[in-house]
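Worksheet: one structure, shown below.
The first chain written gets the first letter, and so on, giving A, B, C, D, E and F; residue counts start at 1 in each chain.
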């Protein structure tokens, strides 16, 4: 009987390396390198490593901006490690605003699942690309450009944003300026914003210096 | 007055190249290269180039598999060109099935927006990673592996799938085998499927030879 | 005498980092990340790390498909780690068949060294590209598409396949379907293949459920 | 005599493709794609295509910020096309300030050639990395993060900044906010800056709405 | 009958973009960019575009080095365009030598098909990695390092070299130095080779100045 | 008061992953992989990790070539790890020469800060691109091609060279040939240089065999 040899052969052939190479589920306890986290031993990987239920619930919207942000990046969802994509859920109460921010190293594609969203980005020649999006619309926000989203309707709104990076570094403008310890004088010199305004906002956001 | 010089300076500095480099909206009529379509003249780009409404409606589910697939790839949505991400909408009637397929050069992240989805992928060592997903769950399908989704509940289901490629080539297994003109004999030899079964399925799918 | 300083200088300049950066021979015992295995201490690297003799012999062809596959991937040949290329030897007895499969993340270039090979791939629009290759012919199989090779002559055939990845994950269709534990019902639903045929092939290949 | 054949052989071998592949000098008049400009006919490329003298002179510092910026990106220096690096010269008068900005898709390495520079960047967790740099110091500004430079001394200062992109898109914060037509109300909602302050700065920078 | 809709649906879905994205066969007459040649209209692509028979014959060995080099790069084999791999055939007469050279942007994997080959490369710390290879052996030559191959036996030898680039730019050391018009004085200053020796070799290779 | 929740939320959201992902300062004591060194614990990273003062001083020019090379690569400057750029300082005495060399995997952009520099590179078709550069001129040296720089004036010269790699492996031709243990016979066979000349230069540079 010739068959068993065949099956054993191919099984051996592929199993010695395959699971490791098909994916690299993050091992948060091992060294991290420029390409991401070390890989979990593939023998311990299960289907659960590829599923994340954290986005089933809204982020907390009890804040000034009335927006709840719920990320599924490699830091929350280990299966994404090294694979170059991720997802965020954003819930907007009526009047909710996602403040100006950008993602280094990733473009973003937003999908409006509920309500009306006004979204826009600013190109490097200072042109503004601004649109009102209805349920089902998608909008592209090119890599590394300042952008925002806000609820444009009278009912709560919900969107999901996908990224072509498993860790699309998020830089929020108002937090970078007013929650940091960058000296007020330097902020004013490098943004032209009045020092009194900066101090007022630092008081609000908790920035120092 | 010193200011105008300043503003003109920076305007000139950035506007001479910036719009072209921030994005490359597809010009479907110009030559295409390995990295994608040629760029539309940025002077003619508007916010509309970054918005796509085609996913607001379900794909047609009046088919054998009771599934409607609605893609937003670079071929449908020119703003995606060169930016490395895209989105698909999939509507499943009760009993609807997304047949086994794979995407070359892209991983996939599915988000269940409505209903219950059973999804799975097969690794190269033939291990099956299979899960039942509820509304709000997300699941990762690593690059280039065979996978499927099906409605796992008693009500219609809806999912969106994001990809880290603007053109995640879709190879559907049953279409590749039974809708193509690959000779039945060759299919049988290279898949071990019986020729009678192949001929039956070719009759159903329209394959020849 | 001024020269020694010069030589020592350049030696110091380059030797502090160079060997590490010119290559990264796999250390199979250290953590693995998305970009590959950790690097062996360059002080212990020798010319032997860059040579592999495993392809000098044919793979075992005593199997149903009468084909012997002998890979030199990063898992077998540590010098390939991180360098993005690899090689496979495939021996075909008369009547030998390399079953339908694909490689995620790698294109393939086959070279017929002996005999006659029939090779083909299926594009995502289900077009079949099929050719009979003579000794010395080469054929390109683009990334991530289903393809096969078979002996097209009356004598044994031999080919070598090169890949632009050091670990071109191999997904064999018949093994993925019939050697896995994907439930027969799901296979049938997602491939349209009859359950009786699937059960028969699972019996042959060892699949369960 | 056997030699001429040899030389002709290798000449033919390499010259048929090589010049095209060693570099791709920009042809600004041909289609542009996601990877950059089309290539100039290599037969017309000369050494002059690889040299740029535009950085030998200071940029105009007669502006509010007392800084002169002089870029050598692919739009100014065609030899850079497709090669992934570029350079900028920045001259700071006493009191000169390079306002907060970022580069999408590129890290930056600054070299202080003259004077004293205070430079800093803000990480996505709002930590500020701030240093005073003397002549000869270099500082790294990681990809996509807000950063600034200013003259930190009593004499003019000069720096050169290198980038790992031939087109490191420059987004200047104050110009994006106050020179654009993003409505004042939206700016205020998405940055928390007071509308009166925004209107004042729009008056200064020329923004509308 | 519900089936035809299904098939038409998926056919339309995939055929509108797929062929273009699965591959990009070179159109040598259209503009070329940093990522390669423009794509041939996929409607005109046939299986012949993916097969190349030029390596079935030895290159001409009637030269000083007694080596025949026969490349299958994107310039000769249009199907390789954009796919990142290629192949070269090298025939060595007894005493044949492949002179010192390197490939920018590509590693190389050589396979000895006939005879005995001595191959080696020099790392950037000047360590030499040297091996004698028998039929069936493979050896890795890491990206961008000087290397050579020579016939190490008493019979003709044949090897194939694969590259992870479709255009692995070949820089031959003796041709770069002695067949170019780089002034003798400059060559001597930058290599320490005596001017008399350079002039002698320029006479042999045809270099000027 | 609703604000604190907001600030805490965003702080938590970003700080859990951000610092790690914005940069990956090298930890020289942990495993190294194909993408670079492991990352230092971000909690221990300070602004000092992003600044390097080693280029403020000239390299030692007391050598045969009268050139001092001072590199800031990832091996010297840990902040560069994984970020893909680096810098070198080169000081040329009168008559100083930077010998022929190349960088695998990186293009180079030189900036003349003082004096006059003659620079050139040799393309793979043996064309020489040669220029005399004045203070402030920049010149591009495309990836992987042999090139040199020399002082072209009567006063000391200074240049800085930037690279689009944090470890642009440096292969110096005369050191590779004459400081290594590559046997003289092999060098002669693979470069056409006379054995007497090689032996003389090995005596000078310290090569053996």
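Keep in mind that, in the parts below, contacts are C-beta pairs under 8 Å (C-beta built on N, C-alpha and C of every residue); 3 or more make two chains touch, one makes a residue touch a chain.
Chains and their UniProt names: A, B, C, D, E, F = Germin-like protein.
What you see is a predicted model, and the numbers here were worked out from it, not measured in a lab.
Path length between chain E (Germin-like protein) and chain F (Germin-like protein) in the touching-chain graph (shortest route): 1. Looking across C-E, B-D or E-F, the interface that copies D-E in more than half of its residue contact pairs is found at B-D.
Rounded to whole angstrom, the centroid-to-centroid distance between chain A (Germin-like protein) and chain B (Germin-like protein), based on C-alpha atoms, equals 21 Å. With each centre defined as the average position of its C-alpha atoms, the distance from chain B (Germin-like protein) to chain F (Germin-like protein) rounds to 42 Å. Centre-to-centre separation between chain B (Germin-like protein) and chain E (Germin-like protein), using Cα means, comes to 35 Å.
Looking at chain A (Germin-like protein), residues 11, 14, 18, 21-22, 31-35, 83, 104, 120, 124, 126-127, 130, 142-143, 145, 169-170, 175, 179, 204-205 sit in touch with two or more other chains.
Interchain contacts give a graph that is no line, ring or star and is not complete, per the touch definition above.
Of all possible chain pairings, those that touch are A-B, A-C, A-D, A-F, B-C, B-D, B-E, C-E, C-F, D-E, D-F, E-F. Those residues of chain E (Germin-like protein) that touch chain F (Germin-like protein) in the shared complex are 97-100, 102-105, 118, 120, 122, 124, 126-128, 130, 142-146, 148, 150, 169-171, 173-176, 178-182, 186-187, 189-194, 197, 200-201, 204-205.
In the complex of the two chains, the chain B (Germin-like protein) residues touching chain E (Germin-like protein) come out as 31-35, 59-60, 62-65, 69, 71, 73-76, 104, 167, 169-170, 172, 175, 179, 204-206.
Interface of chain B (Germin-like protein) with chain D (Germin-like protein) (complex): residues 2-3, 5-7, 9-11, 13-14, 16-18, 20-22, 24, 27, 30-39, 81-83.
Contacts from chain D (Germin-like protein) toward chain F (Germin-like protein) in the complex involve residues 11, 14-15, 18-19, 21-23, 46-48, 50-53, 55-57, 72, 77, 79-80, 83-87, 107-109, 111, 113, 120-121, 123-127, 129-131, 133-143, 145, 160, 162-164.
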